[in-house]
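Okay, so chain A shows up in both of these, paired with chain B first and chain C after.
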Partner chain A sequence: MKALKALALPAALVVLAEIGARAAAPSDSVAPPSEVAAAFVQALADGSLVTATRDTLMSAFAGLAIGASLGLMTGILLGSLNVLDRLMELPLELLRPIPSVAVIPIALVALGFGYRLEIVIVAFACFWPLLILSRAAVDGVEPRLIEVSRALRLTPLQRTVKIVAPAVLPRVFVAFRLAAGISLIVAVTVEIAVNPQGLGYEVMTAGQALRPDLMLAYVLWIGIVGFAFNAGLVFAQRRLFGQAARVEAAR
Partner chain B sequence: MTAATLIAFRDVDLAFGDHLVLGKLTFEIHEGEIVCIVGPSGCGKTTALRVAAGLIAPTRGEIAFAGAPVRGPRRDVAIVFQDYSKALLPWRTAAGNVSLALEALGTPRAERPKRIAALLKRVGLPRHADKFPSQLSGGMQQRLQIARCLAQEPAALMMDEPFGALDAMTRQTLQDEMLEIARATKATIFFVTHDLEEAIYLGDRVIGLMPHPGRIGIELKIDLPRPRNQVTTRESPEFLRLRHKLYDFIHASEKGEAA
Partner chain C sequence: MKALAWRFGGLAVVAVMIALWGEIAALKLVSPVFLPAPARAWTALWQGFAHADLAAKLFGTIRHMIGGWLVASFFGVALGALVGSSKAAREYVAPTLEFLRPLPASAVIPVAIAMFGLTPQMAVGVIGFGSIWPALLASVHGFAAVEPRLLEVERALGLSRWQGIAKISLPSATPDILSGLRLGLTVSLILAVVCEMIAGLDGLGQWVLLAARAYKSADIFAGVILLGAIGFVANASLRLIEARALRWRGRRTG
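For the complex of A and B:
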């Protein structure tokens, strides 16, 4: 019953779009949902959708993995070592405001078209949320807990594993979810801007070929991929940090 | 009655920059003794405890524990912090928090559940093993921290205003429970408090510090009979006499600071 209610509005909108788009036809920018669905099935059948999805997700995942792990390591390092943090503050604050799209020309000259170009730019974009949030998380570990670890004479390894890591993990995972969302956006952006592969490129070419049905099919598909990606991460977060989340909620 | 010296402060100076917090502090705590430190705020009583526990090194002078100089925290010295909610791991259950101390000590995994159950029972939390600290009341959280400290099987317990944040009823219950633990384990206790009556009620000896720099202003031997009782002990003429004396001292040292 609840699911039915949630679907009522989208269903009504689809019907309205169908009527509206048919009234506007022929058009270069809108297509009725029925034609969008047909284009989607067509793209799925001829394999282009699968290839494009694979290309985009591979770049997004690889960039996310590289950028997030570098960001996490740098963040933990800077959060633990105050001297390094002060040394790196200015260079990092100067690099951080650079939009990842602005890196495209440099990366293009250095790497040419292809996966590497896209992966590097996605990694650049994903580096920052992990760096900033993990640095803050390490910095924010309750000083009393560090004292408890001293009083119990925990080794540095024990302290990291038993105190610091569990204390920062939930916040680091939030940063990872943030970065995951960014990775897909940046991958598609790079494809639309320069890189001739993936979902972004398919959207571009469909638009230029005056195929609004196919273009909209790809745009909607990108939305579905992003939604599934985030849902998977939320699920993982609940499974991994169920207890911690419950404790937070009880407070 | 001549117990051996366990903790000895010898001419201990502690300075933070130019600010001298402790000046030539010299006193001894004997094995099995309960010594309470009181004094106006800013007199360095918590700092003295942190120095004794090895969390801070003295600027000059020496702290000895069982005859050996203190160079850092020791596993046979347990510290009970005032802010219990910050000193417990929020992501571990009560049992997990006690386990942390056993893990630090290298207690074999197989032995831990039994030890944990015994320790939680000792502090009156046997049915709360699977609860998280945030699901426990303040008094229960402090009991849990004490259980973790007892897991270290400490020769000395350093207690920094452990009951200061609790309501009066809970505080009295925990005072009696602590005395029972001290009696059963024969642990030496270094107890910092701002509550003068608490100091007299618990202590074998009460040391009053004066501020700027922190130094001993008064030392009272408490000969009240044990076991002590929240009603009768606190009503006894000797208790009232000591209380009067201690209040006069604190009042005078606070006035001296204002002048």
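For the complex of A and C:
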């Protein structure tokens, strides 16, 4: 019953779009869902969809890996060293509001078109959520655990690995999920804005070629990829952290 | 007093970083084509205001950002109130919203271009579509999470539906809505820049991209500095509004 209710609105929208687009046909900006589906199958068959998806996901994953690990390391460092944290507060406050897309021209001049351009910008965007949330997570580690590590005479490195890291892991994963969502969005945005590869570029060319059916098929596919990506991460979070993750996410 | 000392410490770190940047540029560790000296970026900024139309670009970006954000915020909160305050509407609409949420808003730019052409209306449409989600989802959540006892009070007082929304649900959902609006403003700045880059609309997005095409790194940095300033001011002012509007809440929870 619940699933039926969830599907009612999309189904109604598809029917409305079919009727509306057929009434407006021929059009350069809208296409009926049946033609969109046909264009999707065609793009899938000739391999362009697969190639574009691979390009986009590769850039998104590489940028995510680099940006997230740098952000995590910086966050843990700032969270554990109070003096450094207070000193870096102002510089970070000034750098953080720079929108990720503003980095595009700088990276474009330095790196030219291609994977590297996209990876650098995705990494810049993914750096911030990890930095901020992992810093807060390390800051919020139960003080008694730190006392335990002191009683055990652990070195700072041992303390980080054995006490702090497991304690902050659930919250860090929440940050990672956030960054993963951002990585895909930024990758597609860079492709649409400047970079001639991947799903974003395919949407752009289909639009310029006056193929609304293909363009909408790609837009829909980007939505499906994003949804599946997010759903996979939510599933992983439940499996890995169970109840802890849900509590941490609500905080 | 101590906070002030830390503030000065932070300023010193910023000064050291700028000095380091200048040193790297002066020693040409990074080619000046990519990295201008801080002084050059600063000059480009003032030259841009004095002799080029950088001020017009700045206001163009602010106009696009605020315009799209206002549209998104109005519809987002209104729709969120409708969906959030009714259980039936939530069951029908929420799953579709969850599907649409991770869709990169920039993906609809080509669709919007096909519909509206390379016009400012296109930018407003894209920014509106993109930044409606934070406002919409936050207000759906805010209206859905109203304390049940407050709803009982509403019923006991015999308030009409509209009175209930205005007097009970809306104040209760305000913290959620405000944080959604703040997030939406960040999104709208990003989308404003992207739209200006693609459609060549008057704004900083166009400015930085043209500077990149001409390899004028000082002009790029001037534009990026301004974009950072817009983001900083926008975020700070909404935080200020949030703090003022939610003063009652701080007092209650202590």
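As a working rule, the second predicted complex is superposed on the first by the 224 of 251 C-alpha atoms of A that agree within 3 Å, B and C clash if a C-alpha of one lies under 4 Å from a C-alpha of the other, contacts with A are read in each partner's own complex, and residues count from 1 in each chain.
Methods note: a contact is a pair of C-beta atoms (placed from the backbone, for glycine too) under 8 Å apart; a residue touches a chain by one contact, two chains touch by 3 or more.
It should be emphasised that the depicted structure is a prediction, and the values quoted were computed from it without experimental measurement.
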Between chain B (first) and chain C (second), which does A:E147 come into contact with in this model arrangement: first, second, both, or neither?
first
Determine, under the contact definition given at the top, whether A:L157 touches first (chain B), second (chain C), both, or neither.
neither
A:P166 contacts which: chain B (first), chain C (second), both, neither?
first
Comparison of chain B and chain C by chain A residues contacted:
C
Using the superposition on A, tell me which residues of chain A are in contact with chain B and, in the other complex, with chain C.
none
For the complex, give me every residue of chain C touching chain A.
6-7, 9-14, 17, 33-34, 91-96, 99-100, 102-111, 113-115, 186, 189-190, 193-194, 197-198, 204-205, 208-209, 211-212, 215, 217, 220-221, 223-224, 227-232, 234-235
Please name which positions on chain A make contact with chain B in the complex.
142, 144-145, 147-148, 150-154, 158, 162-163, 166-167, 243-244, 246-247, 250-251
Which residues, counting only chain B, touch chain A once they are in their complex?
53, 55, 72-75, 77-79, 81, 83, 86-87, 89-91, 100-101, 103-104, 132, 134-135, 152
Where on chain A is chain C touching in the complex?
2, 5-10, 13, 28-30, 86-91, 93-95, 97-106, 108-110, 181, 184-185, 188-189, 192-194, 199-200, 203-204, 206-208, 210, 212, 215-216, 218-219, 222-223, 226-227, 229-230
